[in-house]
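Next come the structures, one after another.
Okay, so chain A shows up in both of these, paired with chain B first and chain C after.
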Partner chain A sequence: MDWTLLLGIGRFILATTLLLLLTIPTAFVVIQMELKIIALMQLRIGPNRVGPGGMFQSTIHGFKVLAKEDTVPDQADRATFTMAPWMVYMAAAMSMLVIPFAPGLVAFDSKISVVYFFAVLGLSVVGLLVAGWASYNKYSLLGGLRSAAQMVSYEIPLTLSVVGVVVLTGSLSFTEIIAWQLHHGWAFLPQILILPVFFIAATAEINRAPFDMVEADSELVAGPFTEYSGMRFGFFFFAEYVALFIMSTILVTLFFGGWLAPWPFPAQLGGFIGTIYGLFWFFLKAYIFVFVAVWMRATLPRLRVDQLMGMAWKVLLPLALVNLFVTAIVVVVGKL
Partner chain B sequence: MDQTGLLYVIGFGFAATIFVFGTILFSWLITHRRRRPQKGLPYECGIDTIGDTWSRFGLAFYLYALLFVAFDVEIIFVYLWAIVVRAVSISGIVMMGIFLAILMFGELYAWKKGDLRWQ
Partner chain C sequence: MTAVDPEVRIPDPLDTERDDEARLRAAAGLDLPRAAGRAEYAGFETVGLPDRPPQTERERQLFTLDEGEMLVNMGPQHPSTHGVMRLLVKVRGEVITDIDPVLGYLHRGIEKLCENATYTTVLTYVDPMDYLSAMHNEHAPAIAFEKLYGIEVPRRAEYIRALVVELNRVFSHGLMMGFLALDMGGLTPILYGFINRDEVVDLLSAISGQRMLFNFFRVGGVNWDVNDEFLSRLGKWRSHVLDNIAMNERLLTENEIFRARTRGMGILDGRRAVQLGVTGPNLRASGVPFDVRRAHPYSIYPELEFEVITQQTGDVYARYLQRIAEIKQSIRLIDQIVDRMPHGPVQAQVPGIIRPRPGRAYAAIESPRGLYSVYAISDGSATPYRFRMRDPSFISLQALPTLMPGHLIADTMAIMASFDPVMGGVDK
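Entry: the complex of A and B
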């Protein structure tokens, strides 16, 4: 028997299991952060019954959703109604495949992981559109169409703002981008102008407040999720919070050095200690940005739809293009 | 050629699919089901929906989709250009500038016509 083949299969099974299992606690932790932090920001106590300090509130919510009745509206299109949560969850989960968590700890170290990542994450718009259409509800349909228009518009500035980093590092691979940042310092300093553009576009892309037009509770009940219940709704919920975490990890990877510590450290070069150290910094930095997203939700009111759509095309896109050319010219003229 | 990456993507997609539908099936097995006619109605503040839901909708969505297609294809070119920008140097930047200027002209036209305004 070929040992390398067996090792390869073993590595694949391990990576797949770990990544799929990682989505569950990630969603629970992010939801718990949201419940507790927003409560504290609004001078409430928040959940405090389940577990010490209400720690397991979101976990209990998760299991409650698992045991809920799963209804399908009579007039809904049953096949697509079931497919939609799968599509949205797949888009979030599949994009985790290329995220480098620590030195050597990446499931699929592709040479074009940046393109792969944005291509796969962009697929979730199909799921939302299908969900809106399939549930035969006017709120859902409007929410689905809004989500399509919004996510499609913000995907352009989002992907264009990354090009600056690609020009700087000369690579489309996340691991090589981190390796570049190890030697040249974190990429957010040379790209400081584009960081707000990326942050705003990323927030809009994953439908977070203040851009949560898709499920604007006061206008559209719950957008495309209105008719969903039980575990099918659960997967939408999962995907949404996992996407928030994934966006934070990508922001960290591209602009804040991924698993690099803020100061030089010999263990960054690998080994078991290096992996643990890298994981620590990676998750710390990622959860700082998750915290910022929660903070924004507690602070900012929701935008109007027309304001939102105008900003993507009229402000963010020209800014991203200007940054792209400035970076390219500086790189070429300065021979960086 | 190394196909490991492709196998990873396909295999992971397969595993995630099993995970999603397995969980939905498990939840279907352990939940109670009590079907009443009201449960099948679309949610709308207690009143039946007026008119067909799958009817016509505003054209604004469609315009954004068109603009998106133009720019999304452009982004793939920009990514490829971004890797080799050191090799193609100034002339490459000028050419990309011309390419993007043509695209931006299209966007400015849509802007001038008021298509970027949400109605």
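Entry: the complex of A and C
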């Protein structure tokens, strides 16, 4: 009997369960941040009734959708309509598998975890497209097609901007990218030109403002989610905020040293204390970028569809390519 | 007593209703044949077409779908149609090929109500028409009735009138900036606009007692004189109103996304605007310097200094800049009015029930949305024989179908918000 295989399977099941359980509080925290921070920026008080300082408002929202009636439109394609939220949510949750949260704390440490991550996160576009198609609603249809166009376009500059880091560190594994940054310093310094490209493309990829064309509420009511109600809508909603958190963690992992502290990580800190120390820095850095995304939502109006596409193909893609070539030349010259 | 024949089937009203529903559903295209569990998409793009032959040439044109075209219904319950406006939009992909505004969802028959009210009570009915500029709504009929009856309004009352309508103009234009941003996905400017509006309506409630439908004007004057609370609030508001406007300007005017989405968008040239009867800031943004306060002076405006500002381009961005410029002119006017306000009574001697001699009167004012005018006919009784209001939002909406084709769905809302229509005034 191969015990290591069984152990591996058990570890995998435990890790996936824990990560699925982690997504719910993450969504609650990010939604609560958004409610409260936008309120402060708009000189409002924001939620202040549920819990101390209103801190359970998003939790209550989350449980509220459970209690709501779940309706399916008469003409909807019932099977795909039911499956779409599940696909979007699982795409977000499954991509968390390869994120190293702290030293040694990663559910699935693969040699090609960068490829896995972008492949799985890209699946959510299928869910959105299916949701738009199955709803039998013109707004949903337009929203679904917009999401397909937008996410497919932005995946290219997003992935190309990551290739720069991959070339620099010589690895496709997130843990090894962090290990490289431990010795050579955080990767955002050599990759400073590509950082804005990655941030913009990541914001567009997860349909956040100012690129939230998919569910542009003033044009398409709620885009592909228009006909959804109850927990099905809740899954879409959660997936969106989990994706925001995940994109921040990836940004931190690739460019800002993951769980590394801003000063040299004390090597003697091992075991449990080291994990907590790493988690602290990881979440702190990730939530800083969540805050930036919320800040952008409060500040900027939305782009138009054609302008969005133009930006992806005419600005971000050339910049990402230039950065890739420069990085490659520097790496090759450095090795000579 | 007649025996009931058991063979005669008494029609069950519920049955006919069911038949009716089936017929209606079939007409609406809801009962398309369904393969087991699968939606049938044939005819999806035609859902919403009426179940009758076209009645007019325009209907035939609108309801004929070319290959790849789809009819999208926006409103009357849509997040950004400014109340209860309905737009029937024909799109090819996301590009609009035809558009048809459908009005009347907020019709309350206010003109008819006014024809059954005495001259004094008419001024209470007109408030909720254009609910963002209630003071202007009262101003126009007040002038018309004073002309009908031949009343001289005291000077101090004229100054107070000008003061409150300019205050009203400031918050109305401030909200327009916010709504324009909101329709393009910017969440914050509308909140800043409402902070400004809240302060102004507090001001106006200090003088009139109400926050939205002020009911402040009277035939022959105004209801109350200015009081201490009003003046202290006015001073406080005046000290930071420009900062408040600048907060929104910083978010929008130089914002790259905002400029990219508004410049060159929905261009209405001056000649076309005049032909369509568009007035107010929308006309001046197209380069035509027509302002009722200057072209047909009323009240005390001839004595005050202000500029009739125009923009050249006539696009959404120009209409936005026009609003900001007019806010600054209104604040300039408010300063002059407060500075020069004379002493005296605020209400002329007017009988309890006004019975003007038979005749007709017309009064036009410059409201935040354009030329707001009243045409009233008296037959000698205590109620107007005919009472007609020209609402500028209604006229501005005429320009929409000429501007929108060729733009994207996302631009419909920006173009509509730039005209700043208020459906309460459009539907009366």
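By definition in this document, the second predicted complex is superposed on the first by the 320 of 336 C-alpha atoms of A that agree within 3 Å, B and C clash if a C-alpha of one lies under 4 Å from a C-alpha of the other, contacts with A are read in each partner's own complex, and residues count from 1 in each chain.
Everything below uses one rule, namely that a contact is a pair of C-beta atoms (placed from the backbone, for glycine too) under 8 Å apart; a residue touches a chain by one contact, two chains touch by 3 or more.
As the structure is a prediction and not an experimental result, all values here were calculated from the model.
Peer 1: Once the shared chain is lined up, is A:159 touching chain B (first), chain C (second), both, or neither of them?
Peer 2: In the superposed model, A:159 contacts chain B only, not chain C.
Peer 1: Look at A:285 in the shared chain and tell me whether it touches chain B only, chain C only, both, or neither; answer first, second, both or neither.
Peer 2: Once the two structures are laid over each other on A, A:285 reaches no partner at all.
Peer 1: Which partner chains sit in contact with A:71 here, chain B, chain C, both or neither? Use first/second/both/neither.
Peer 2: The answer is first: A:71 touches chain B but not chain C.
Peer 1: Tell me the contact category for A:300 with respect to chain B and chain C: first, second, both or neither.
Peer 2: After superposition on chain A, A:300 lies in contact with chain C alone.
Peer 1: Chain A residues in contact: does chain B have more, or chain C?
Peer 2: Between chain B and chain C, B touches the greater number of residues in chain A.
Peer 1: May I ask you to decide whether A:114 touches chain B, chain C, both, or neither, giving the answer as first, second, both or neither?
Peer 2: So A:114 only meets chain B here.
Peer 1: Would you check which partner chain A:138 touches, where first means chain B only, second means chain C only, and both and neither mean what they say?
Peer 2: A:138: touches chain B and chain C.
Peer 1: Once the structures are superposed on A, label A:314 by its partner contacts, choosing first (chain B), second (chain C), both or neither.
Peer 2: first
Peer 1: Is A:61 touching the first partner chain B, the second partner chain C, both, or neither of them?
Peer 2: After superposing on A, A:61 lies clear of both chain B and chain C.
Peer 1: Going by the contact rule set out at the top, does A:43 touch chain B (first), chain C (second), both, or neither?
Peer 2: In the superposition, A:43 contacts chain C only.
Peer 1: For chain A, give the residues common to its interface with chain B and its interface with chain C.
Peer 2: Touching chain B and chain C on chain A: residues 74-75, 136, 138-139, 141-142, 221, 305-306.
Peer 1: Per the contact definition, I'd like the list of chain A residues that touch chain B in the complex.
Peer 2: Those residues of chain A that touch chain B are 8, 12, 15-17, 19-20, 66-75, 82, 85-86, 89-90, 93-94, 97, 107-108, 110, 114-115, 133, 135-139, 141-142, 145, 148-149, 152-153, 155-156, 159-160, 163, 166-167, 170-172, 221, 226-227, 230-232, 234-235, 305-306, 308-310, 313-314, 317-318, 321, 324-325, 328-329, 331-333.
Peer 1: Which residues of chain B touch chain A in their complex?
Peer 2: 4-5, 7-9, 11-13, 15-17, 19-21, 23-24, 26-28, 30-34, 39-44, 49, 53-54, 57, 60-61, 64-65, 67-68, 71-72, 75-76, 78-79, 82-83, 85-86, 89-90, 93, 96-97, 100, 104, 107, 111, 116-119
Peer 1: For chain A, which residues are in contact with chain C within the complex?
Peer 2: Contact set of chain A toward chain C: 38, 41-44, 74-79, 134, 136, 138-139, 141-142, 146, 209-210, 212-213, 216-221, 297-307.
Peer 1: In the complex formed with chain A, which residues of chain C make contact?
Peer 2: Where chain C meets chain A, its residues are 30, 32, 34, 37-40, 44-45, 47, 70, 72, 78-80, 94, 181-188, 191-192, 195, 251-252, 255, 257-258, 260-261, 408-413.
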